Each structure stands twice: as structure tokens, then as C-alpha cells.
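There's a structure below that I have some questions on.
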Amino acid sequence: MKSLNEECGLFGVWGHPEASRITYFGLHSLQHRGQEGAGIVANDAGALHSHRGLGLLSTVFQDDQSLAQLSGQAAVGHVRYATAGGDGVNNVQPFLFRFYDGNLGMAHNGNLTNACSMRRKLEEAGAIFQSNSDTEVLMHLIRHSKQTTFLEKVKKSLQQIKGGFAYLLLNKTEMIAALDPNGFRPLAMGKMQNGAYVFASETCALDAVGAQFVRDVNPGEIVIVNDEGMRIETYTKQTQLAICSMEYIYFARPDSNIAGINVHTARKRMGRKLAKEYPIEADIVVGVPNSSLSAASGYAEESGLPYELGLVKNQYIQRTFIQPTQHLREQGVRMKLSAVRGVVKGRRVVMVDDSIVRGTTSRRIVKLLKAAGASEVHVAISSPPLKYPCFYGIDIQTRKELIAANHSLAEIRQIIGADSLHFLSEQGLIEAIGLQNNAPYSGLCLAYFNGDYPTPLYDYEKDYQKSLRTC
Amino acid sequence: MKSLNEECGLFGVWGHPEASRITYFGLHSLQHRGQEGAGIVANDAGALHSHRGLGLLSTVFQDDQSLAQLSGQAAVGHVRYATAGGDGVNNVQPFLFRFYDGNLGMAHNGNLTNACSMRRKLEEAGAIFQSNSDTEVLMHLIRHSKQTTFLEKVKKSLQQIKGGFAYLLLNKTEMIAALDPNGFRPLAMGKMQNGAYVFASETCALDAVGAQFVRDVNPGEIVIVNDEGMRIETYTKQTQLAICSMEYIYFARPDSNIAGINVHTARKRMGRKLAKEYPIEADIVVGVPNSSLSAASGYAEESGLPYELGLVKNQYIQRTFIQPTQHLREQGVRMKLSAVRGVVKGRRVVMVDDSIVRGTTSRRIVKLLKAAGASEVHVAISSPPLKYPCFYGIDIQTRKELIAANHSLAEIRQIIGADSLHFLSEQGLIEAIGLQNNAPYSGLCLAYFNGDYPTPLYDYEKDYQKSLRTC
Amino acid sequence: MKSLNEECGLFGVWGHPEASRITYFGLHSLQHRGQEGAGIVANDAGALHSHRGLGLLSTVFQDDQSLAQLSGQAAVGHVRYATAGGDGVNNVQPFLFRFYDGNLGMAHNGNLTNACSMRRKLEEAGAIFQSNSDTEVLMHLIRHSKQTTFLEKVKKSLQQIKGGFAYLLLNKTEMIAALDPNGFRPLAMGKMQNGAYVFASETCALDAVGAQFVRDVNPGEIVIVNDEGMRIETYTKQTQLAICSMEYIYFARPDSNIAGINVHTARKRMGRKLAKEYPIEADIVVGVPNSSLSAASGYAEESGLPYELGLVKNQYIQRTFIQPTQHLREQGVRMKLSAVRGVVKGRRVVMVDDSIVRGTTSRRIVKLLKAAGASEVHVAISSPPLKYPCFYGIDIQTRKELIAANHSLAEIRQIIGADSLHFLSEQGLIEAIGLQNNAPYSGLCLAYFNGDYPTPLYDYEKDYQKSLRTC
Amino acid sequence: MKSLNEECGLFGVWGHPEASRITYFGLHSLQHRGQEGAGIVANDAGALHSHRGLGLLSTVFQDDQSLAQLSGQAAVGHVRYATAGGDGVNNVQPFLFRFYDGNLGMAHNGNLTNACSMRRKLEEAGAIFQSNSDTEVLMHLIRHSKQTTFLEKVKKSLQQIKGGFAYLLLNKTEMIAALDPNGFRPLAMGKMQNGAYVFASETCALDAVGAQFVRDVNPGEIVIVNDEGMRIETYTKQTQLAICSMEYIYFARPDSNIAGINVHTARKRMGRKLAKEYPIEADIVVGVPNSSLSAASGYAEESGLPYELGLVKNQYIQRTFIQPTQHLREQGVRMKLSAVRGVVKGRRVVMVDDSIVRGTTSRRIVKLLKAAGASEVHVAISSPPLKYPCFYGIDIQTRKELIAANHSLAEIRQIIGADSLHFLSEQGLIEAIGLQNNAPYSGLCLAYFNGDYPTPLYDYEKDYQKSLRTC
């Protein structure tokens, strides 16, 4: 269980005659949040049907036929990122649970921190899990709940799970959205021309289906949509906003807004801040495609240096299984990224990237630029050093793999072969994102940078404490 | 035959122990030149083997096994763009011809203008063609040639074919590269660390395999590589450089150099020229991804306006077969391109694109930007209006489909819904590319803009004259 | 739930270094028992892994790689027959259940008659089912059981389920086989050269893997195999042998022995009995391929008539998706079965078949023989008329679809267009099979013929009673 | 070229609105003649279209869509058997040749004996072959022919090719069938209800599409079918019937008639003859499935011994890629064939098979029967010993691989482990087939048995003579 630590994308719609098709297009714009699996559960006049599979959305849904089978006016969908292996299609969401008293679809983005202990308790009471995902815990809690109404069962169960979660539930008569007390994962609500309500992990999915943004779902909220309309309730009052700052830094699509802030614009401001904090004498600014192009153009504008296409990403790399051997790599064979010789040759380059995890990618790119003739390569990172793991849904699991948890700035610079290395300050990041929140709280989760987790770590606490002693 | 009018990518290597694998990685960086088919012919100590198929390179070569079967020290490869239909895998190159006196592989980029009449003559003499591609004509000419040596046969045959062509031939003992007398299509030569010679349609493929650029193959040249080394000969002296200007404008990869000029840099200069020719009062500059980003950043720098990410392209659009219905498109459902509401809302936008063919795409993007709140959209095109078809290898076949051949500038502006519309001047384009050539020749083919074809049109002449009268 | 009524094949092995491979070959010889899905769960030193999928075994396991991942010394496998639709791979067995205290694999052949009511009770207690198969009920009963040892939990749970079942269970330390109190479904035990124990639905699977037959598992028995060896216990004393007679008639492979009786030999005796009960004046005897060839040769030998190949089955019919339209069928286009004109023309034919369900197949074959020139066609069926549904695992679900439940012998003869029609008598069938059992019990389930069900029908009782009144 | 030595199936129809569909069903019943590739060329009002691919017909044509694209009133189809490797889909027939003056489809069953030398001559004259099949030679001859009409070109070309061939040609206005001067390969003509003419390698394909048998195409004949009707001409008078006797022995389907003789009936007579020539003291007669079941039942009837199902063939062996390792085979693991222990145990078995090629299969089956308890195994072969290769279209290429070319009867018996071994005499075979022909000619090709080839061997002569000296 502890090995599952994932980022995902959610989409749901209630009240559209082509609900599963709308969900398909919504998920399509969220594909960057998960490429390992996809699925849709549709509600056709109370009957729930499901289709899911491994791989990209376009692999799982190969033709109109696959969607045509999912008729009905409501649907929830999911795209999934997961580390290799796992148990195949069993863990692909949304889950569709079948009961004598009605079926239920469930999709989840985030990571529960007490899933392991809850699962053990439930199994001791006779529960049988069908996946090894943490997601399913909520369903067992609901079914074991002694509350009288379904909504009360759900609320009571949400109070028992901990960590980061955005949930979409679909049953015979309603769709329910719920967000954890810290709002780690984004979840936006929109409305279509015909009045249908839509939920999506990012607002780019609302745009993709032509829906108007209504509002973000807030921490501790539970939103119920049915044929009568939409209403918002809360299952807990103990909330404290802590949006995952990595969403702004590299995860979300640049055209999405999170908490009212456009992601591209925030990134551009990170680049500007970085240029102010660390002005560098150089000839050109180059961004690492694709996620760092916004920050790089911000850096260029603030610094007055020209913004150049010094690195090109091969757009056909997807689904390419043949890779260069080590031997060929040493001879200069490469597939993914190319340095533009005609641009960087003889130039002093500021290379802007969004983050450094292991350092291997940065080292490779610096080497690439130098091999193409760059006279100097200055690495400017538009976020602070990553030093601590995430337990709320991003796949950074141990301190061991984080270069900044184990090396000084000078060491990292040397390892990646840069002429200089700079990270955006934590304060700079907070200001660049510009979330209006009540001090002293930034409204952001910055735990990867400072170890300041907004919640207890529950099942992860022990291993985490141990890792602090060894790394 | 006349319906085949294609752009393609070539790669060849002689003298590397992993020749087919090197060719795979070379072709991978040329995939943008053709996505409909791919293939490799390898020479294993004189025995030629082939593998080819429909679709992307990664579809045709799914695993290392498929390459392992193509052992040997030399190989030629091809990626193919073709209009839908055709005759399936039969037309996918390289062709492998089998003869009692030795096999021969052949790959071609370009389009012959006298293929139809030559084929008829050859068939009347008993020839049987195995494809409906123009490429094969050369092989039949060679086999029917009365010359004594193979090289003389090839030279004589090259003199008989007309139009645009870059050819790679591979036989038991040598690899031969040849370029048409106008050099319409680019063809570069490189050398690997171990001394192996490499040919590629673009220099980005040399970079991809770690090869050093040696020189471009020139018009009328034939280059022979064998175990003794490389030598350059000519099959005609009547040459006149006329590089396809569309290669610079939108076709080639930005990291390639053609005739010594970096493509990204040329595009940026086109953007700068455009800003000088047409300064526009606006708030931001937005490029249409991906081919127009360089020109847009040039425009931004010259104009002093901020360069913004106002349009986002979905990177998962490849191989997605489910498309929004007309009905859903009207509701705002879209997959490929999104306007970034948070960036363009309330702004006056300069939208930079590389060209306008039918005008439908431009209209769609203008509409997208306005729907996202842009207050004005000014369309700036970094090339002159396309008015004439290409007969040398680009898929623009009739005047009928070209909006600029049938409408005035004012009409086009209105059709696409722009607040203003500007095209780069022909002279501006020539200067932006900056090819050093003997006046009065620009060294470029600009026929799509001015109808000034560098060669007679042969089999196409009659239909072309007719089209001038009707459009 | 009630819609699932299936025939399947089981195989298990404990103690062989290539357990999953052995299971693959065992299942391969049981493929005739189920073509809709297949799977294997293997135990690798206590860790259980699973692979399963839709379609034939050769589709689910496409290469050695797929088996190599299932390493370990023990495995259970399953092939599944199911009516179209269902819920895809979720219902494919063996199921692999994961618990904090160890995983468990489970495979089942048969049909439970109280699954529906048991499931409702379990769900009311909080249980969540992952399939809509009846199989899973046993697992939930085990997990909810208050017994102290695993074996006691299993025994107690087996006492609660009703109907026809052969179960194979695999956990960390042992494999368990269990048979229902009537032994409706066959289950044989064997031993390999190296001492490994093997279980299989039919003895042909023991032969296929080179195992020696040890004994059949008996009604009410539970057999435990672990590293210490094998031991046999019982979970109930209230047993009464009632082997499904359809196994002998058409379901089992002719090279299998059930309860010590060879299936081919039993079928040949059915043919002989039939010839004795109904001698027919004719020229040749023809069997309907493939299941009726044994009975036909028995009829031929007893009657003294020559046994001829009058009908040929196309052996490439598998996985052929294109079928003749009604229009083409009327023109005589056919794919599956051909009458041999050169054999039947002008002859009086005794056509031997094993059973008549709807009568449509018989009518088609009679027509085929007459179209090929047969002067008379006498249909001889080597079993009594099918009049009642099966609730223990064969897919005959309602009386409505059974021609003999709704028509007299004379009517059926007329419907199928035969010159005469004869069924083997119930007593003839019992004698032909020749099971040595204590009178008055035949040791066989003959309920499809006489409605004499060996057990109460539980959840099916109500619908069954209703069907007796309407058909 | 010499490596291609193949058996194939042909089908063609002229004058049916669903010609390609009819061809599909015709080919489906000829699938036993070739499983490596399949294709159809259809004529739609003069326009020829083609679809072909590797694998079974059901793989190449996966859905109705693939046939719907081949509309038109005429079609020719082909199924191909070929030794592994080859050049993939290039060699799959029918070939579709495209010419400025009209396209042409061509399909061939048989093997040319002068293809190699003819191809060399044609290539020296400039011809380019697109396959490495011998088939294509005819097309080049036709195109190089100086005759004035197409029919004369075809006739002249047919006179130049040697060996065994049945050809179907389809052009804009007609379908042409042609047979070699010895009629090695069968080719039957039929007529559908609507008047459409049909050609097929075997009459079972006529039955499959509801066509009436008209007559066999005779040696040296060329049959032309067009919208005016059908007419028969000859291209040579020097003919001598020599039907491949292996068609009767094992190749053709039992429901086919060749030269008016039913194949099953001929095989049954071979079994009877064998029983007369070699009466054996035994308990039961067992045929090797599937091809020897007719001969075995003939043997049983003549000898008075019971005919038993002593060997069972797994009907799911097709497309199964996982095979038992040598190690597992030694442990008794097997997939394809099982001996029925309950039938053969303690019995003296006459095992009837149609032929012995290498002897390995026979040895394996004898071993299987003995392992299952047979007390004696007497092998009776319903044809004479195979001692010489075939050059007319069957894949027996060298004497080296033929056990009877290298060992005495006593040695073979010992090698295969039989208690006795008997072959049908050549005279017995001739009488069993019972072709009415003018003595001294049998009308059969018996060269595999006696080395008496009905024609010169041309390109094969040299190697053949050499093989006589070494084997």
C-alpha cells in the first residue's frame, strides 16, 4: 500500500445527454495528470456501466463504439498515474461497486495517509478488497457505516480517512464531490450551457468541454448534484487550505487556473522573481521544454536577455519502445531532447528548469548544451530545492532519491556540471504564486521544501522519521 | 500518379556495426516529415534485408527484435507522408528490389514531374511497376539502361527524371546519394566518430546520432560511399539552387540547419521582419503552437510586446481517434488547441502563424481567442500568401484549396474574423532567410507565392494552365 | 446472478518447479470446457501472483514471458465458459484475493443455487463483491467465519453453500480441493513423477501433463495438499453421488475417464444401445462431428451398417468473425459443416447426434444431407429428450428454449424434417454409462431428462415452478 | 527461388453482386491448403482493388468492413502455404499488377520448374520482380509478349512456363483460368444459381458457396469467362493427365471430388486394399486424426476389427505459441495428440496413417500408444513409401529428409518402434483411387514413390541428379 503514491485526474458530469463523451473530452485535457490507465463509469437512468483499461485514454477508448456503450446523462472518469507493475487493470479507476441495493462508481485523486491501518481493521472485520489502492477504503467505510442515510454514511466515512483526497462518487440518483480538509488537490466546478454540472481536477477540462467555471470545491466540502440541482455541504469544519505548490510549479497545465490564479502566469512570475533574485551575466535564456517555457520567458523578460529555442523536444517520443543502448548514448545518440547548435553555439546560456529531483536529467541537459557549443551554462530553477517526500499524492516517496536532501548547493552544481546554480527562494515562490491568504498561512503545501507537513503522517510517520536519521 | 505529392524524410549510414539501429534513431528525429509509413533496408555483408510498414516509426518497429533482424554495417531508411488511401504498404519505402545479380534498396524524397509519361513509356517496353509511387521510375530506367557500369546507369537515369528529388540507393557494395539539379529538397552529409558516413534530410538527424556535419549535398551531385571512403561526382552541370522556402517557414525542425542557416533563427528573423513591416498596437504576442513559436518570439522581441503562452496544444492528440461531433464542437468541446483564458482575457492579441492554406484553421483559432476573452485579434503571418501549388514534393496540389488564390486580403481577413491581417513580404522572407546567393537568384523556390517555377512542369503543365484559368 | 450458469475447467498442481507451465498445459487440454476466459494464480514461496484475461488460453498467454512471470511451485488455473456480455475480465477466474494476512487464489466449476440470497445477507453485513459471479460467496463466508483455523473456516463455509461445485483454493502454504455433496462436477486427482499432486476437472488433463491418476475426489470431500503431503477429509457426511450425465453424453473429452468409465467407450455403448432399441433400415451411419462420432461408430458396429464420413466440419471456423448473411445462406453458402455429396447421395442415412436442444441445428443438418442427395435421413439421438433446465453448472437455463419441453416426438420429427426420430431411453443411458452404484440410485444426475433434481433448488425454486406452469 | 515449393488454394467468381464475399467463403473451405497468407482481388466495374495479408483468412479479413471495400461482380482469391521466412506480405497472392492500360490480378497454385532461368532472362531484359515467387514470371512474359491480343499473349506465355500450375487471372473485362499440360493441381469449375461462374481448387469450395459442379478444367486448357459467358480453349495439345496422387492420399478435403472421385471414398478404399494386402492379427483399428480416419475405417470394415477412437487431437492447438520444453516433453507433457488409455490399454492396435515423411511423427505416436498401455502397435500406411521429392507444388524438397529414401522397411519399422510396418502397394493405390484412364498411363503422378517424373525437371534437374548419388 505504501508503495502507491500517485497523481491523477478526475472528471465528472451530471445532466448532459452525452455524459460519457463529455467525460472523454474532459479527461483528454487531463491526460498529463496520468498516462497509465483510464476509465469512465456512466449512469444510464440509474443503471451504472463501466469501461476502463491500461494505457492512454486513446488506447482504452479506441472508437466511438466504446463510448456508445456508456450511454446516460451522468458519468465520472479518471486518468491514472502509477509506478510500474501494480496489479494491472484491477487498480484502474473509477471503481464500479455492485450491490443488491444499487451500484456505485468511485474515483479518487490523492493519497490517504491512514489507508494501511484502516484496511487492516476492515479486513479483520471480514472486508475483502479488490484492489491494492488506498481509494477503496472509503467504500468499505461507507458500507460498514451505521448511519441511516447515504449522505451521512459518506460524511462519517470522510471524517475517518486522512491525507490528500479529491473524490467523485456516482450512484443511481446523484453525483458527489468531496475534498480533503487541506485541499491538497485541486477540484473545480463548472456549468455547461444546458445546465449540466461538471467537476474537474483542473479548469482546462472545463474549457475543453465548453463549461463555465463556477467555483473551486473548498477544503472539507462535499458537493451533491442531482436532478434537483446542486448543493454544497461540509463534513468537517477543521480545515486549513494547503494547495500543493507543485501543481503551480510543474504539474498543472499552463492554461488552468487554481484558486483563481493562472498557472502560466504564476510560472512566468516565478521566472521573473528568479531573475530578480539572481541576475546572471549571459547571452540567452533557454527553457527546458515543455514545463519550463513559461518560467524561462519570464526570466528573459525581466533580465532583458533574448528568449531562445535552445532545446527541442521530439514530439513523437510517446509509445516509442526502442531506446538507445548505453553504448550508443555514449556515441551521442539521443531521442528525446536536442540542443539547437545553431542557437547555443558560443553563447552563455541561462537554462531555466522547474525543479531538480535526482539531478540526472539536469546533468544530461547541461552536457547536451555544452556539447552543442554553449560556452557557459547557468542553471536557474524556478522553485526551491526538493528535500522531503510527499505523502498527499505526488510520486516523490523517499529522501534517498532527492539530490537536494543529500547534497549542498555547491555539490549539486558540480554534479550537474553547471557554471552556476540558483534556486528560487521559498518566499519568492509564495509571492510569485500570489495566493491571497491569511498570514501566517501561505495557503500552500511547501512540505517538499521545508518538511512542514500540514497534517500528521499516520501510517507513514515511522518510516519518515527513520529516513530523517539516515539521509 | 499525379495524386501523389509528398514530403518525406531520408536517412542512410555506411560503416557502422549497428547501422539499422542508427538509422532508426535518425528517422526518429525526422518523424515530423512523414507519419504514414516507415521502413529500413539494411546491408549485411552484401545481403539486403528490409522491414517496413504503415504508421509511425514506433508502430513499424515495435521492439528491439524488429531491428535485430536488420543486422549489417549499412542501412537506408525512410519516413513517408502521403494522402490517405493509396495502396497500403506497397508504397512504403525504402523499396527493396531483388535481382539475380544482387539486390538494391531505394528511398526518395520529393516528387518527379515527368513520372507519369516515363512510366507509360517503360510499361510499353514491358516494365511492371510494383507501386503507384513515382519513385520507382528511376529503378526501371537504371535496369533498362545500356550503360556499362552501375554508376553510369544511375547517372544516365538521373538525367532523364525531372522535378524534385533526393535519392538514397543501397546495393551490395555501396551507398549512393543524389540530389536534383535545383536542390529543392535538403540533404545533408555527416560523419560519425568511427568514420561512418551518414546522409539525412535534415541536420537534426545528424545531431540525433552524434554525427558531425560535413556538408550539404549540392544540386546535380551524386555521392558514392563504400568501404574505400566517400567521393563526390556530378551527373549534370545544369544546376540552379532553389531550396524549398517552406522548409524554412514551417516544415523543417527548428534545430536543423539548411544551407548553413538555422531554421529557428530564420523563423525568428521572419517574425522580426514582420514586426518591422507591420507594427501593431496590441498588448501581447501569441504564437500558434508549435511551428510558429519562433516567429512569434521574434515578433515580440522586435515589437517590445510581451510574448505569452496564449494557446496550448494538447500533447496527447496523436493516435486519438474519437473526435467531437459537430454538435459538441458547437457547444465548445475541443481537443487539440486551447486558448489560455487567464492570459488573453481583455487583451489585444497579435496572433502569429506561419502560413494560411485554406483559412479554416486560422478562423478557428481567432474564434477560440475571442471566446476566451481577447478584445482584439490581429493575425500576422510570417510568410507571403500561398497562391500556387507545389509540384516538387509538398502536398499543396490545387489552386482551388488555397484561400489566397481565390480571395483578396480584405476578404481573407473577414473570413477568418481577424481585426487585422498581415503577411510577410516576399522580399522580407528572402532577407529573413538570408541565403547568400548570386543575384538575381534568391537560391529559394518561392513558386507557391509567385508562380515562378524554376523548371518546366512536364506532366503537370496542362492541368496547371487550366487551373490558372478557373481559379 | 441467476443469469450466470456455467461450465468450466479447473486445474491445480502443488510441488512442481514449473507449476504455472504445467497448469497451462493442463488447462490447454480442458479448453473445450470453456473458451471465454482463462487465468492462472501461482504461489512463489508464499507470494501469490495472477494473470488472467478474456478469450482462449492462447490469447491470454501469448508467449513464454507471460508464464515466466508466474514462477513458483504451486498454481491453480481456470478456463471459463460464460454467456456473452458479463462484466469483462472481472469475472474471469481464478480470483486472487489480497489480505494483510496473506493472499488467496480461488477457482470454481459449477453453480451455486443459494448464491443470490447469501450475497444479499453478506452485503447487508458490509461485504463488497468484486464480481457478479456466485463463486465469490465462499470467500466472503470464509472471511466472516468465526472458526479458529483456516481449514475449519473453509469447512463451515462449504456447509453453507448449495448446488454444484468443485473448488480449488490456493494460499501461502497449501492447496485445497473440495467437491459438493452430490459430486455433480467431476474432479480427479493425480500424481506426477516428481511427487507433485495434481487436480483436474478431467483425467485427460492428467494425461496431458504426464501425471498418474490417483483417484476421483468424492462428494463431500476436502483434500489438502502441502509440503508435508496430501490428506483427505470430509466437511459433510450427507452425500449422494449424482454425476452430471451430460458430461458422459457430450461435454467431456472422449479420452477422459469419469468415475472410472472412459467417455468414448460410454458413448460407443450409447450408440450400440440405441441401435438395439431402434434398428433402422438404412444404407449408412453418419455421426455429427465431433462429439457424436463415438456414438455413431457404436451404432454402425451394432447395426452392421457401414460407418461413413457423411459430414465434414471445417476446422478453421474458430475466431472467424465474418458470417454469411441470411441472403447468402439461402443461396447455399455455408462455413461450418458440409455434407459429403459423394458419400450420401442416393443413400438412406442414419444421422447420429448426442442431443437436441432447440432443434435448429438438427433441422439444418437434415436439410444439408438432403440437399446433398440423401434419399432418407433418420435421426438417432444417443440420449433421452432434454426437458428440464440445469442449475448445477450447465448453460441450459429455461424450459422455454428446450424443444422437447414444448413438443411431442412427432412434432419434433416434423420440425427437423427427419424421416424418423429416435431418442435413447433413460434406462438405456444408465446402462450404457454403466456406473456401478447402489440401487435405487443411478449415481447420475438425470434431471434434464426427468426433472428429478437431487437437491432443493433454493433461489431458483420460484422461477422454476413458474416455468413448469407456462411451458 | 528453388526454396519456394508450395501447395495453395485458388478461388474465383465472375458475375455475382457479392463476389468478394463469395470468394471469402470459398477460400474459407480451402484454408487447409494454405495457412500462411490470404488475399482477394475484386473487379468493380473494371476497377481492381486488392486486400491481402499474412496468416489465416480470418486474420487477414477481420470484419465485414474489409470485404465491403472489395465491391464488384468478380473476384479471385488465394490461400497460401509457404515455408517460414520469405519476404512477408510481398509474396502473398493474388498479385495485383497496375498498368497505364489497366490492372490485372493473378493467383497461382503449383510450382514452375523453369522459373529460375526464365526470371534471369527476363531480368537481363530489364524486368523488375516484386516478389521472390515463381508465379510472377507469367506476368512478365505476358507483358513482353509480341502477340497482338491479350489472350494470345497469355497462351504464348503459358507455353513457355513448365511444371505444375493452375492460374486464375482477372482483368477489367474477364476472368481466365488455366491448367498445366499434366493437370498436376486440381481445378474445378462450377455455376451458381444466378449464372455466375466459379473456379476452385477443390469441389468442397463449390459446395460451400452453393455452386453446382460443371466440370474439371483439363490439362492444357484455358477457360475464359466474361459478361458474354464462358468458353474453353486450349493453349497446347501436348497434354498427359498426371493428377498429384497426394491430393487423394492426404491433401484434399474428404468431401471434395477430384476427377469425379470422392476423396473420402478413395481413402476408405485405400484402407480396404491395405487390409487385404496385409491382414493383421489385432484387437482394434485406430486412425491418426484427422487425415487418416477414412482409411482407418476402411481397414476396420475390411478386416472386421472394431474401429476405435484411440487417439484424440486437441482442437485448440491452432495459434498456440507456447510449447512444452524438451524437459517437460520427457515428463510426458503433450499438447497436440493424446492416446485414449481407456481404449488402447492391453489391446493389440493397428494404427493407420496416410504416409511417413521423416518418421518422427510415427515414432512419437507409436510411443504414445504404448505408453497408454497398447500391447502391440502395428503401423499400416495407406500409401507407398515416399522416396522422391516433388517439384510440382508439394513441399517435399529433398531426398535427405525422406526416411524411406534412406532406410529399408525393416530399419524404418525399428526406428519408429512398431511391432510391424506395412505400406500400400503402388498398384493397390492406383486401384483404390480408381481413376479411369487409358493404360499404360494411370492418370496419376506417382513420382514421390517411383521417381518417374512426367516432365523434364529443368532448373531442378542438376540438384536432383546430385541427390540421387548422395542419398
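Labels A, B, C and D are assigned to the chains in the order they are written; within every chain, residues are numbered from 1.
As a convention for this text, contacts are C-beta pairs under 8 Å (C-beta built on N, C-alpha and C of every residue); 3 or more make two chains touch, one makes a residue touch a chain.
Please read these numbers as outputs of a predicted model, since none were measured by experiment.
Ranked by how far their CA centres sit from the centre of chain A, the chains are topped by D. Averaged C-alpha coordinates put the centre of chain A at 62 Å from the centre of chain D. Remark: chain B and chain D have CA centroids separated by 49 Å (rounded to whole angstrom). Centre-to-centre separation of chain A and chain B, using mean CA positions: 37 Å. Shown for chain C are the residues in touch with two or more other chains, of which there are none. Chain pairs that touch, as defined above: A-B, A-C, B-D, C-D.
Looking at the complex, you find that chain D touches chain C at residues 18, 21-22, 24-25, 28-29, 31-32, 35, 56-58, 61-64, 67, 192-194, 204, 207-211, 253-255, 257, 261-265, 268, 290, 293-294, 297, 301, 306-309, 312, 314-316, 318-322, 324, 328, 331-335, 338-343, 372. The touching residues of chain C, when paired with chain A in their complex, are 50, 87, 89, 97-101, 119-120, 123, 125-130, 132, 139-140, 143-144.
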